[in-house]
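Just so it is clear, A, B, C, D, E and F label the chains in written order, and each chain counts residues from 1 on its own.
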Amino acid sequence: MGGYGDVKLLNDDGSRLDGRSIDESRPIEIKAGVIPAADGSAWVKHGLNEVVCAVYGPMEAHPRKIQLQDQAVIDVRYNMAPFSTSDRIRPGFNRRSREISKVTAEAFASTVMVERYPRSKIRIEIEILSAEAGTRCAGLTAASVALADAGIPMRGMIVGVASGKVEDTVVLDLDKAEDNYGQADLPMGIMPTTGEIAFMQMDGDLSMEELQQAMDYNFAAAAEMHDIMEAALRARYEGGDE
Amino acid sequence: MGGYGDVKLLNDDGSRLDGRSIDESRPIEIKAGVIPAADGSAWVKHGLNEVVCAVYGPMEAHPRKIQLQDQAVIDVRYNMAPFSTSDRIRPGFNRRSREISKVTAEAFASTVMVERYPRSKIRIEIEILSAEAGTRCAGLTAASVALADAGIPMRGMIVGVASGKVEDTVVLDLDKAEDNYGQADLPMGIMPTTGEIAFMQMDGDLSMEELQQAMDYNFAAAAEMHDIMEAALRARYEGGDE
Amino acid sequence: MGGYGDVKLLNDDGSRLDGRSIDESRPIEIKAGVIPAADGSAWVKHGLNEVVCAVYGPMEAHPRKIQLQDQAVIDVRYNMAPFSTSDRIRPGFNRRSREISKVTAEAFASTVMVERYPRSKIRIEIEILSAEAGTRCAGLTAASVALADAGIPMRGMIVGVASGKVEDTVVLDLDKAEDNYGQADLPMGIMPTTGEIAFMQMDGDLSMEELQQAMDYNFAAAAEMHDIMEAALRARYEGGDE
Amino acid sequence: MASQVVPQLLRQHLANLAADDERISGRGQWQGREIELEVDCLYNADGSAKVVWGDTIVYVGVKFELREPYSDRPTSGSLMCGAELRPVAHRKYEPGPPSPESIELGRVVDRGIRESGCIDMDALCIVPGESAWMVIIDIHVISDCGNIFDAAGLAAIAALRNATVPAARYDVGEDYKLAVALTPIICTFTRVGGRYVYDADEEEELGGAERLSITLGDNGNMHSMQKGLKGTFTAAELSEILDVCATRCGELRELVDSKVE
Amino acid sequence: MASQVVPQLLRQHLANLAADDERISGRGQWQGREIELEVDCLYNADGSAKVVWGDTIVYVGVKFELREPYSDRPTSGSLMCGAELRPVAHRKYEPGPPSPESIELGRVVDRGIRESGCIDMDALCIVPGESAWMVIIDIHVISDCGNIFDAAGLAAIAALRNATVPAARYDVGEDYKLAVALTPIICTFTRVGGRYVYDADEEEELGGAERLSITLGDNGNMHSMQKGLKGTFTAAELSEILDVCATRCGELRELVDSKVE
Amino acid sequence: MASQVVPQLLRQHLANLAADDERISGRGQWQGREIELEVDCLYNADGSAKVVWGDTIVYVGVKFELREPYSDRPTSGSLMCGAELRPVAHRKYEPGPPSPESIELGRVVDRGIRESGCIDMDALCIVPGESAWMVIIDIHVISDCGNIFDAAGLAAIAALRNATVPAARYDVGEDYKLAVALTPIICTFTRVGGRYVYDADEEEELGGAERLSITLGDNGNMHSMQKGLKGTFTAAELSEILDVCATRCGELRELVDSKVE
């Protein structure tokens, strides 16, 4: 969070620079089954973010030392393509990507029925093609749809949503400018079917009341997005690739 | 290929800057059995290039996941010594060396009787001591002699040869200046005993007719060099190290 | 060894800049059993050097290819914390640390009764928290105490000691200034109980006579420090952590 | 293959204890372990702290380097916080490049400090566009017996508040104390035996589930949150934790205050 | 140990089909798959293209950076082309440093573009010896169902021809279209069932042998050739392939022309 | 698991031979193998040497680069010496990052040369604080049949004494011979069959124990010592070795002298 007070992020009428209201998401498009080589896949366009996800498995876990006797290992790679940001990103090791991969894997280990696949591995490959604030959430959403597309049983689909704070106002779904110059960001991975939270990070400055407001926005947005995810899966199995 | 038109590479009488005619190789010297620690080895001096190659194996392939059930793995490392070029090369990872190693390994996988050694590995270690244009070809030649010196059965010896284009003229065996300022380079790995091509790369600009001319030069040069390679192997087994 | 002749390192009365006599060590403090997570551990403060060492094992050696059929593998990591020196050290690969780790491991492979633990591994983790000349010796001393604290049988404890040369005079236990501007350094790992030398490096300029003097200092200092090490181990088992 | 037998038995044991509102250590649900905090304890660091938190031991050293400012913030210094979970700290750690665990630790502590605004980045600038201080916080875990996040976070802010800017070493004036206006504190809660507890120890972590780490600032606002490990939680559970968190953070802030001037 | 059973059965099947002049997909010997080419499809890239080639999908993004020219070519910009075969694209790919396969892909596409002379390197120089544009082509394979060389090569030249030099972002003037004078096209042939076919699919690659990739320029001249994988060929076989190659390259060049202005 | 059977039998055999004051090669206890030294043998190196030491072969190439001096020694050039034990040299070597063995080799040779003072570092400075020569010594072992330390050390000092500073290539004047005032020589002794021998060969190293490497300068003073591998020694054993060492170093110094200028 930059938190630079001198950048104006809300219009005088309380709307946001891009015209959205404070509890309005950027437009979302989702497709399932976009990667023929994969066992399951999804494509998510969320505002200017563009993410694809492939799922492979369950497959035998290699090497054997990573195997778990009573459950599957969830192996996530969140990766930003070199051309996904304004300044090119050098391919390879990256601390931020490693951290997001870790907590994303832990989120799905909590919702995938891993106990059905002892000693095996499920690979979730999240590729960020275009990054404009909110890619970790778009990745969570894409991975849920890709897992469903792969037919892997889950207790529910995790939906990636975020709220934040700009000019002392809690708003839903920060865009790039709001992320750069805002005061807080709260990305969450919510299972709307159970109300559980499987993923949470937060940074910035947020009072307890603001946190409550941000969580309310997130839960409401997650429920809406869950419908879009289901529609994408229905479209995949009923009506072909579109 | 630099392709800088303003560097003169041919004399007025059609000969080359170093006095060679357009279809003449640089001088070549070859010795077999130069590395006592190895199962087979060779040394090639081709113009100012100097290359040694050691062969180890067949040996058990490790780790097991690289083993092939019905054939040997050919493992090639083409490496330039730090002092082999005008500007020192930092040891370690290098994209060019990786690519040459890969296509060289694939060339020898095509000619070594790998099906005789299931689950095993044959290591070919090509070390460039001095590099002045043409080291991948000198490496192919050295590796063939080293494999023969190690007694590893092959369908034939691959001979590394190259032709290129300078001042719109096809010439055999580019030297450093011709490589830097010429218009095309066509390195090949030819088995003169069968007429097969096991290795081919090309870059620059070459018409279909020029390609034909360059290949003709390469086949003729390969046949000549094959004799020198056989002589080196005979010298090794008949008359000691010289 | 810097060997800069223009830095004065001895006072007119023959004493050293910090007041020590030429055959006097810096103050030493040793504690055993300082790391609860470890099987054995020690803390050494030697002058301004501060070192901790943890020992883990004997444990099964992994991966299997590092196992030795008839003895334990001694695995040492000598590591300088990023904040241990005046200029911060970047974490990660470091040629000096690798070399010290190697020769330290070889020293303990000579004194630990490795033949009692075939196929196993003993890990010795030396962490330098503060470095002011002499850390490899402090590490040897700490590792011996940590091994004893872990109950691992040894033919004797290695004591790390060093002498050097400043202003053409052999002195015991160089401090930072003496190390930077002195003429020679002779770190040794001595087993006072047997008189054996298990570790030795030397650099600088030393005549045969000076070497003899430096070794005499080292042997005497090792005997004294051995008593301190034994006292630390007694304190650990008799009187709790102090 | 990683053995799951011990953790399964342990998990059952922890669940039985939790049903009786007990913990394996005898502590209460929200009770932490004994803590020793020492500052100015590393000779070559510009600021330092050592935390002994039960059997967990963490050193933090702060160093300063002069750097050219980032081109998009020419009048600001910068902050870097990294952690090393080296093999010294536990049998389970292996040598090699930074593990995801160590990266997460460093980044969570980093965010709590950075987002609290406790350091005025603009005050670290010497010559705009040319040179500014980079504050480097290195977390060095020496013994991991549980809850390294809180031990590292405590040591980090204490080391910062202990830090002296080494201006003389870099020939840019006289040394002076780093101004640290605030004291962000991190508290970690772990699901053990089905319910959350504060300050899980080694066995509770081994048999436990997800972890929630929260950094609170002096004004009681949140500066970072992080959910880690396998498991989920509800909004109601988070609320309960946040109440406890405020109390624990206050106590730890007092401990820091008592040790640095 | 890598299982060789499936490939052996597959090889036999492919040989039987080849004997009848058939392919597993029903295509003719020199017939390619359906291709969709889209340009300007990546928001943050300075030039971009997406190729859907049968079931193979490749994105290419072009970015520009200002660099000091190499000391031996002070008046020239530079070109870099790399490929990532990441685990997203196929079950067979593993994470880690660039594999020999990805290095070969990047370098073969690089040579075809570089040697065609389609970009005037001297026009990329801003101040001789001080700053010049580096054109960076990143190949990102999303789905590998065969013939990624041709899909990547097509996407790369299309992305280049779509590229805008971001001069404004670097404060060196106004943005302008990158001048790309020529359209080098790569075609790949694979020995399947003993004979060469154009555009091998996933199964044909699995049961096939060596691969020949050829880049032809607008004037029909070769700019790069590469033989990869186990297997050998004869001069006569190369001649036959080159004839087909010219036709296929022409068609693909028309496709690119139809998509960029 | 690494097989220990062969070395055990070998160790017994070596002990039996030692009891009779014999060696497996028939050499005397302090007798070295045949040595061939060639200088100026690598076309692109600025200084070079090849040593054939029995069946061990080592090349050393010296290169120069212009660098900014280190800030704490603004008027000095620098020296770097590294070794590569690549898979070419023996079946036992594997590809990958530098092994501890290769690091030790490079550093031991480096210390012997550096500490002897044979190169005047201040004479390598061109413009104080701006540019100075870095002398880079690359040790390339081609065949390891024992005692690579001595072969590498010999080749390194010979290559240095053969070196020409490439001032013309860097546009800083005319080329000139590097001034190398002294000739430090390294001698290595290995415990074989319970006693020390000079210049162990491949089998003696395989069945032997610790190694002592000593570098002596022209004046007979020690410049570096290194004990490597498993085993211990006594002060008395070191004394005996040092006597032999002085003789061997003198012979090798004469060999170098006979080959350069």
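What we mean here is this: a residue touches a chain if its C-beta (ideal position, glycine included) is under 8 Å from a C-beta of that chain, and two chains touch if they have at least 3 such contacts.
Just so it is clear, the model here is predicted, and its values are computed rather than measured.
Listing every chain that touches subunit C and subunit F alike gives an empty result.
In summary, no chain was found to touch both subunit A and subunit F. Comparing the CA-atom centres of all chains against that of subunit B, the greatest distance is found for D. A straight line joining the Cα centres of subunit D and subunit F is 48 Å long.
Between subunit C and subunit E the centroid-to-centroid distance comes to 57 Å (mean Cα coordinates, whole Å). Multi-chain contact residues of subunit F (touching two or more other chains) are listed as 97-98.
Within subunit A, the positions touching two or more other chains are listed as 65. If each chain is drawn as a node and touching chains are joined, the picture is one closed loop, every chain linked to exactly two others. Order of chains round the ring, from subunit B towards subunit F, by the touch criterion defined above: B, F, C, D, A, E.
Those residues of subunit C whose C-beta lies close enough to touch subunit F in the complex are 1, 3, 64-70, 93, 95-96, 98-99, 101-103, 106, 109-111, 119, 186, 191, 194-208, 211, 215, 219.
The touching residues of subunit F, counted against subunit B in their complex, run 42-45, 48, 55-57, 59, 61-63, 65, 82, 84, 86-91, 95, 97-98, 136, 138, 140, 142-145, 169, 202.
Interface residues of subunit A, counted against subunit E in their complex, comprise 34-39, 48, 50, 52-54, 56, 59, 77, 79, 81-86, 88, 91-92, 123, 125, 127, 129-132.
Subunit F contributes residues 1-5, 8, 97-98, 100-101, 103-104, 106-107, 111, 114-117, 210, 212, 217, 220-235, 238, 242 to its touches with subunit C in the complex.
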